[in-house]
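What follows is chain A paired twice: with chain B in the first complex and chain C in the second.
After this line comes the complex of A and B, so read on.
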């Protein structure tokens, strides 16, 4: 009996382990391997270059630029959807008229692929006939044809707005679920004790929604680290690398300049960065679990 | 001075009336318990007093001030919930001082008052802990602490001990009783547990289907129930009910229950009237069969140590009669015993369940 159990365990585990190994472990190990080579992606006659690729990272001006952009991208791509999602969830939860319709409308963008979202917003930002400039011209009575995505000062910010538009629905739904899980009695205590709306949000709702916030932030971090497609569609990292994030930079180095070894080194750094963030996330998750159970 | 007055208070949810024209006056410092079966409206009535539910009709007056349409926070009431309702992210001290912090009371004063309250409730060594690190009884004391620190006009307890185990409930009951004696505040307590009601209350309000069935001291309700519902609800095990008819025996009224005829002093009983006779399990005497006009067969015996509960089959009732008896009575299951119903312990109810 014991032996046949063991056999079945191996049989059932084999398929997921094989898929995981093929799609995750193998590329991961390959990236580590190629990061120590000068492979160009095609030529099988590559050489081992030791830590040269990593040394290059330190001196690469574009890498530093990508790190700064990634930082701006991640902080904004986490904060904006989180804050907006929280605000919308509070509004909808307070039984505002039309709340149910707005809930569906706000959630809709998350159902679209980032490519579609990127294309929609590229049209919105279009200098001559885009919705944004048209609206500005309509309300301010000016003839503005600002190229939002083509200016280094506004390109990254413009993509962040498009990204937040898509991601807000997800955090809103998670916060709504969090709000419904808050025991009614705790809110009634607030009523009896006489909390103002702001006190209730600051002293009760925000702390009680910490578990929801952890999920929202975790998803935002993961999604923003992966955030490549929307940048690729809207700006391609440009102009002048102004919206070049680490993922974008890695892609450009690997697949445009054919420096696969160097690109792999960048991906390893990105991987380590993700590991650190996940480590922090799990530590916080444990702490929160101790308080909220 | 009445601390709380309810005047014709009614509450409807849609077409369903859950509280039906309740009138009640509670004196300052009184401990009043709302008791009744599930769904009788006792918690709703408490929520109407707190202001967590709005009144459909009627008036609520707290300390001579009409509060019917005031927000809960302006009614000067405090409520202790069944689920404790403690904030999981705050320490015990922060939970107790929550209301004071909201009112922007200086930190030093909050600290002093929290310490005082914690000492009264004997939780002063737990102030730095989070609710999750406390037992059920400790959590409930923290919840009580949060309510007493604000010095409200009326304390409202919504089944505060229901989540605790039986032994802890007894301990907490004594503590709440002691707290009431110490602070002398007006307290309204909702429970479905009549032992809690009997032991804690100055007065009990028995509710059924949104209406007040009777208001009185615990002993009043036990000895002089106003109707069959109260008689059946107060007392554990519940009162026995037997169908009877009033007969005239030698010109005097007597109640006949099957073969049993008991002469009664109650002069309002008219011959021929059908009624229900109530007698509490502790008032039925078990005798030897030869000493009694009514015999019974022992069906089940529950031995509780200090007493035994006999469930008996009789000719006078289709359902089993319950008798609370001394454990030294040696009758076993299947034995035949004699029963005696002392006349002064009988309660008579008419067809509508009203006491005669």
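After this line comes the complex of A and C, so read on.
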């Protein structure tokens, strides 16, 4: 009986290990391997080109453009949902009328897939009949048909707004949970001492909500690194690469230009970048854990 | 005890899953797998009719996996990379097929071509330009399309235009007249980039000629050469003059087609598939819309027409070669099938046995136009290798956005194209 259990334990463990190896480890190793080749995705007779693909990265102006966009994307995709989520949580926690309804409404977008969110916002940004231009025209009495997603100056920012709209609800719920754990007495002391709202937020709420902030930022970092689908749906990295992030650039080089070797080299750089960010995050997490226990 | 029962259920579940997987992985001997990009409701319905006709005649079973037009380009690459290409797949004749042939992922069809007597079936001009790669036959043409100026007849009639322009001066005068009436002369939907390519193609062909254009496509002439600069300069003048709809980069080709259909714009440079789209929306060819050939700019340049040829190819790892070859032969040889298919998708058959009178008057005039041309050129993204095509397609969007910077844009494109050609 014991032996049979042991066998089944191995069987149960083998399944996830096999899936993880097949879907994560093997593609990861393959990417490293192909990044040293000139494979085009079709031809099995590829050649090893050493570090040529990595050397090309240095001179590729589109790669530099993608790095800048990735930086903008990550900073915005972390800051906006965090700040907005915090703000909404404070508002709802202050017992504003209809707070519970707003909580549900703000949380709803996170239940939608990024593809659905991308499509909804593509319609909102549509220049001729989209909601945004219609509202602007209504309130400003103008005839505006600005193509938010088709202009290089606004395409990335427009996607960031859509992304933040989806992610804010999650941050808000985490902050709301954090706010419930703050002792009432502390807030009452603030009232008695006559502290301003800003002082209460800065001196009491922000420090005590640090564990919640850690979770929010962790989720934002992970989600922003995965943020490919919404960009693919809304702009595809365009117009003319203005919203290309590293993930988008890697996809375009690999699957549209058929430069799988070069695309793999970009994916390795992206992997290393993610590794550095995760390393920094864990270091900070440990430090905060030591402070707050 | 309860734990043991659960374990038994789990074992049964595992074995069942394994059995189901093995069964579903088994391919029937008579089954031919096919992937194609006619994936919208209309395309799928008509492809289904082709399968029904083929299955009734031969007894083979077609098993399809349709993929959206834009996603197909990626999907077929992924399947090629994992050696899981279907027996048959649709693909665009020209540089894209050449790319897959060079990668060794296609089966030559020389024997089937000879056995089916396709030399007597496929129009020679199409056979020579679209089916031969590295000296072997690899593709059968499903149909060919032609790109021309499709226009709204009512808009033109309201503008008092009855004779469509044949030369550039007349065309510019028409654009100016329409613009003066508050109608956008030309609709363009370059959100997915490729619709803009026809302007690039026709302007180079009509100013510098097919040889220069072919040289640009194979990398022996530069994007920032005088000839290309001059051709693109004409295009950019049109953009600056306000002859194109605003926000072309925000529209798809169907958005642009809708703008012409509902009178917001007068005309659009598009392939004959627009007739399938408009007919499906209840418009009548010859009554609601019509077409005219791209106007002549340089009378000394040979008359050229531009368009794609959709084809069917057989993968190198084909499981059912007999069935796959039978399907290709049937598709192009069966006259009834060709008539029904090409009429449905708004295209022209490459089968010489198809009587042109089976088409409506508009398509018959398309055939006359193509027959009268001295050069049939594949459109840009089918005429140049895929890595280079990506450079040019993005360049077209940038040109539409920044027409004044076209010199710098072409120079940057040349640098990128040169790098892509050397890959």
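Methods note: the second predicted complex is superposed on the first by the 274 of 293 C-alpha atoms of A that agree within 3 Å, B and C clash if a C-alpha of one lies under 4 Å from a C-alpha of the other, contacts with A are read in each partner's own complex, and residues count from 1 in each chain.
In the analysis below, a residue touches a chain if its C-beta (ideal position, glycine included) is under 8 Å from a C-beta of that chain, and two chains touch if they have at least 3 such contacts.
Computed from a predicted model, the values in this text were never measured in an experiment.
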{"item": "Partner chain in contact with A:189 - chain B first, chain C second, else both or neither", "value": "first"}
{"item": "First (chain B), second (chain C), both or neither touched by A:290", "value": "first"}
{"item": "Chain B versus chain C as contact partner of A:26, first or second or both or neither", "value": "neither"}
{"item": "Touched partner set for A:240, first chain B, second chain C, both or neither", "value": "second"}
{"item": "More chain A residues in contact - chain B or chain C", "value": "C"}
{"item": "Which superposed partner A:43 touches (first chain B, second chain C, both, neither)", "value": "second"}
{"item": "Partner chain(s) touched by A:258 [first = chain B, second = chain C, both, neither]", "value": "second"}
{"item": "Touching residues on chain A, where the partner in the complex is chain B", "value": "183, 185-186, 188-189, 191-195, 199, 203-204, 207-208, 210, 290-293"}
{"item": "Contacting residues of chain A [partner chain C, same complex]", "value": "8, 38, 40-45, 126-128, 145, 147, 149-152, 238-241, 252, 255-260"}
{"item": "Residue ranges of chain B touching chain A (in the complex, touch as defined)", "value": "50-52, 71-74, 77-79, 81, 83, 85, 87-90, 98-99, 101-103, 130, 132, 146, 150"}
{"item": "Residue ranges of chain C in contact with chain A within the complex", "value": "7, 73-74, 77-78, 80-81, 99-100, 102-105, 191, 193, 246-247, 249-250, 386-387, 390, 394-395, 397-398, 401, 420, 423"}
